[in-house]
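Next come two complexes, and both contain subunit A; in the first it sits with subunit B, in the second with subunit C.
After this line comes the complex of A and B, so read on.
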């Protein structure tokens, strides 16, 4: 069946389209990443753990001096200083950690010396009115940074690599790695997209073809059902369904199930409508009449003869629904009704908005979420266009 | 009708009263309140009461969150605001995207067309949220800082037409940009379909000018899909742009519905959803009427 599909004229047309090939490669890349997430390359804990100071920009960019001072002051230095003041410095120091960073393997006395030195510089820095222009203060700041860096135990091998990767796109307001969260969200998005698109297309195909093929009361029922569902604005229905689930006290609300159900309830309509129309057309064709005359049961005719001939429509609809699901997931999560207890692009965008990242010009979090989502959705848009051109050129 | 039923059933998944009464409420209190609100009646009775209220336009139920205010008042307050936001947006979007769609169809296959289509796809691929957040940031915050005084409001709303530009123009623009991608592509497809028709060839051979063919012959014939498209979005006009209203603090219908949902405000959700359904049915009827106006071949029976 697959080889027959690949040899068909339409498939060849599809594979001649260069942009479609690029889009497919991109989507395959995303799928691989999502698969890797399934095997815990980046686990949910990695996304929740603090990996560094908060709101660090990505690509290890240097920041404004004021901000650099702030980071150097608040990272391990502050914690070590407080630990040394405690009655049992040894024990307190052992507990100090920032993500994977731990205190350097030195005696409390040695650490105390470093801290004292740093405090002396800190006092000078405090007196300075502005750190921005004064070259003297800038060099002082650099010494301060290097001294506080001595407090940190150097990471070795893979840990160091992972730490670098985690900080590649900076951290959010809680010091969590933006890259990890963004990449983990790929899995969440693809999972939601594939599951809902698949289920919706299945529901739509079965109901639509049954309505188109049998007519009569089946048709009336299905048409009534989808007019009912489609007469409520999509977003409102999504919100109401998600809300209804949120209200239940079971464990269900922490899983993705409410999101799946909300999406499937609204997304099957389009597919159903298209498949119904196509089935009504196919029903009149000679080969279906022939199959009926040959004495095949209506189920067999429907599933063996009619439905396979709507498969191109199902494919296009699948691709379109996937886009819809990914985009709606972001909006629902943003409203606090979608994904919970795991990262998602919607949650990242919400965090960026709520923490005032955008207002202060810290675009790393929202930028990462947007860019990852943009590329995926763009690839799917191009792919569905190509699919439509190849398989259903007359479509409006 | 079915919509009312559906929404009602969905809302009855959880008993809302305990949440409303707070943690101190005793079991008897809750039962009394249920009685008072009529929630202990059989469901079909509730359904028919609600239906009756809808048909007779009786919106006198009180809000649960703000006692003393009826749903009708809330509607009167929020609907015009939503319309002020969505009507200009719909108008601008349609005019601009029909024009771009026509240009694109006219230049089909050439560079201009490819660029336009590419931008449409690009625009479709960015999340609505991102448009809003960045629109708000650059449009109201940065632009305001640049000019020295606020050009557009960041959050909030005041009634009055003289304030319209300050509060509404930016959301309207954002909404236009967001829907541009989809609409342009759709109208382009419509127009491309039309350019292959025989009557266009006839018009060319008659010697009609390009602009006349495009704006008179083609536009008129493409009216049916355009109307359908507009009509589909009509009920959404009143819902407004839920997200836009949320972000810019505009107290329109979408915002009212969303806060009703988060506050468990039952009557509001029920009435609003029923109104959407009613509007939907009205817009379908209106579409058929407009078909007959624009295409004499369609006869109303």
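After this line comes the complex of A and C, so read on.
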């Protein structure tokens, strides 16, 4: 089957299209990442855990002095300071942790000395009206940073690497790694896209071909069904189903199942319509008539002679639905009705907006989410365009 | 007993429309035709486009359901059998289609297309399937190397041969050939006709051969039916149709047929007028609008198909 496809005229046309190849490489990359997520390269916990101070800038940006001070202050320094004030500093210190960062292996007295030193500098920094444009204050800030860094136990090889990776695109307002969340969202998006597109295309193909082939009351029923479904505004139906699941107490609402159901209920319509039309055309063709004169049953004719000849439509529809599902998932999650208890680009975009962070220059969260989504959707759009051209017999 | 007996076969296609999807009018495709086909005979059906020849073929093989009348195969009426009752008859009658490019499933190798029919009807044991497919392919003259190829890799003539192989796979007694060569060019037509003729003798086939080409019919058939607007106007043996033909429409058809000898001139009858609409066929003879011999009686009443001499029936008041 595959080898035959690779030799076919359609495949040759597809592989001649350079943009399609680039798109396929990009999509393959996304799929690999999604697959890696399945094997918990980045687990759901990694996305939920705090990996560093809040709102650490991403994209290797050097932060403004005000922010650097905030970051240094809210890192381990604050926690160590509070722990030392407890009645049992040893025990309190053992619990201090920020992501993979732990307190350096020093006695409470040594730590106290470092904290005192830092607090002295902190007082000076607090008095300063502005940290900007003041070389004296800047060098003081650097000293503060290096002193607070002494509180932290140096990380070993792989931990240090992961810590660096986690901070690569910065952290969000809760100190969670944006890279991890963005990358894990690829899995969520592709999972929803693939499952929805697959199920919708399957439902659409079966209902559409049955309607087109048998006609009569089957056709009337299917047409009634999809005209009814398509007369309900798409997003409203999704919202209703999502709310309905939210109302239940079961664990189901934390899985992706409500999203699947909501999407599959509406997405099959387009495929169904197209396949129905194509089947009505195909059933007039002589090879279908020949299959009937051979005495084959309707199911055999339908599944061996009619449906395989709509496969190009199914492929194109699959890739279009996949994009549609991913985009709708983002919108729904943005509205708080989609994905629960795991990261999603929609949730990331909402978080970025909610805290008013974008206004204050905190763009790496929304930037990461939109960039990842943009590239994936663009690649799929280019691919489905190329597929459409490749399977169009009139297109050279 | 005749192999096939067709009695008063009628097919009307309803044309639906309007708000309530009512039947607005009917296409009168086949209007009560009756004839028989004897075992081993090739019966030609000729007529211009839209005269109901293909519909007739599809009615006999039950691709279409008849509005009225019946088809009797070996003494048993098959018009009202359901799918499972029909299955044994499917093994005995097959069809060869007009357009070779549309008659093979593009997503199935040609070998598989034939194999599917063989294994569905359990014609041969499983282990002999491959041999049987090869045998069929060599009988129709298709290269055995190409069994695992897909239809688009073949020429029209090759595809038509494969279509014939598929029809023959069930060892049928009766074959309906619906314009099997009209989509092919002349040199290929002759090859395919010869293949059909050889197979007819080898398998002892009976055939209904539908065509609009009188030369092909003349060459190939024992007897022919001339159809016009869903009626049989004449049934004539093919020994010497030029001499035997009586009906003015048959004569006109023969006259319009080009002759390959430039020395040989013949009278050309040019028909005037239009074919009546199949929605509203005339009350009398369907040929009244174009007939050179038309009289009052022709307008009023359809002439019966009367046997003049044995095997020669004509429906005309004037000849």
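One rule holds in what follows: the second predicted complex is superposed on the first by the 390 of 396 C-alpha atoms of A that agree within 3 Å, B and C clash if a C-alpha of one lies under 4 Å from a C-alpha of the other, contacts with A are read in each partner's own complex, and residues count from 1 in each chain.
FYI, a contact is a pair of C-beta atoms (placed from the backbone, for glycine too) under 8 Å apart; a residue touches a chain by one contact, two chains touch by 3 or more.
Here the structure is a predicted model, which means the values were calculated and not measured.
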Three-chain arrangement built on subunit A, subunit B and subunit C clash or fit: fit
First, second, both or neither for A:44, with subunit B first and subunit C second: neither
Partner chain(s) touched by A:334 [first = subunit B, second = subunit C, both, neither]: first
Touching partner for A:296 - first (subunit B), second (subunit C), both, neither: second
Contacts of A:287 with subunit B and subunit C, given as first, second, both or neither: second
Broader residue contact with subunit A after superposition on the shared chain, subunit B or subunit C: B
First (subunit B), second (subunit C), both or neither touched by A:240: first
Touching partner for A:106 - first (subunit B), second (subunit C), both, neither: neither
First, second, both or neither for A:370, with subunit B first and subunit C second: first
Overlay on chain A, subunit C to subunit B nearest C-alpha distance, Å: 7
Complex interface listing, subunit A residues touching subunit C: 4, 285-287, 289-297, 300, 304-305, 308-309, 311
Interfacial residue positions of subunit C with respect to subunit A in the complex: 58, 61, 63, 83, 86-87, 90-91, 93-95, 97-99, 102-108, 116-117, 120-121, 150, 163, 166, 170
Touching residues (chain side subunit B, partner subunit A) in the complex: 2-3, 6-7, 10-11, 13-14, 121-122, 124-130, 133-134, 137, 141, 186, 189-190, 193, 225, 235-236, 239, 242-243, 257-258, 261-262, 269, 272-273, 276-277, 280-281
Residues of subunit A that touch subunit B when the two form their complex: 224, 228-233, 235-236, 239-241, 243-245, 247-248, 327, 330-331, 334-335, 345-346, 349, 352-353, 358-359, 366, 370, 373-374, 377-378, 381-382, 385, 395-396
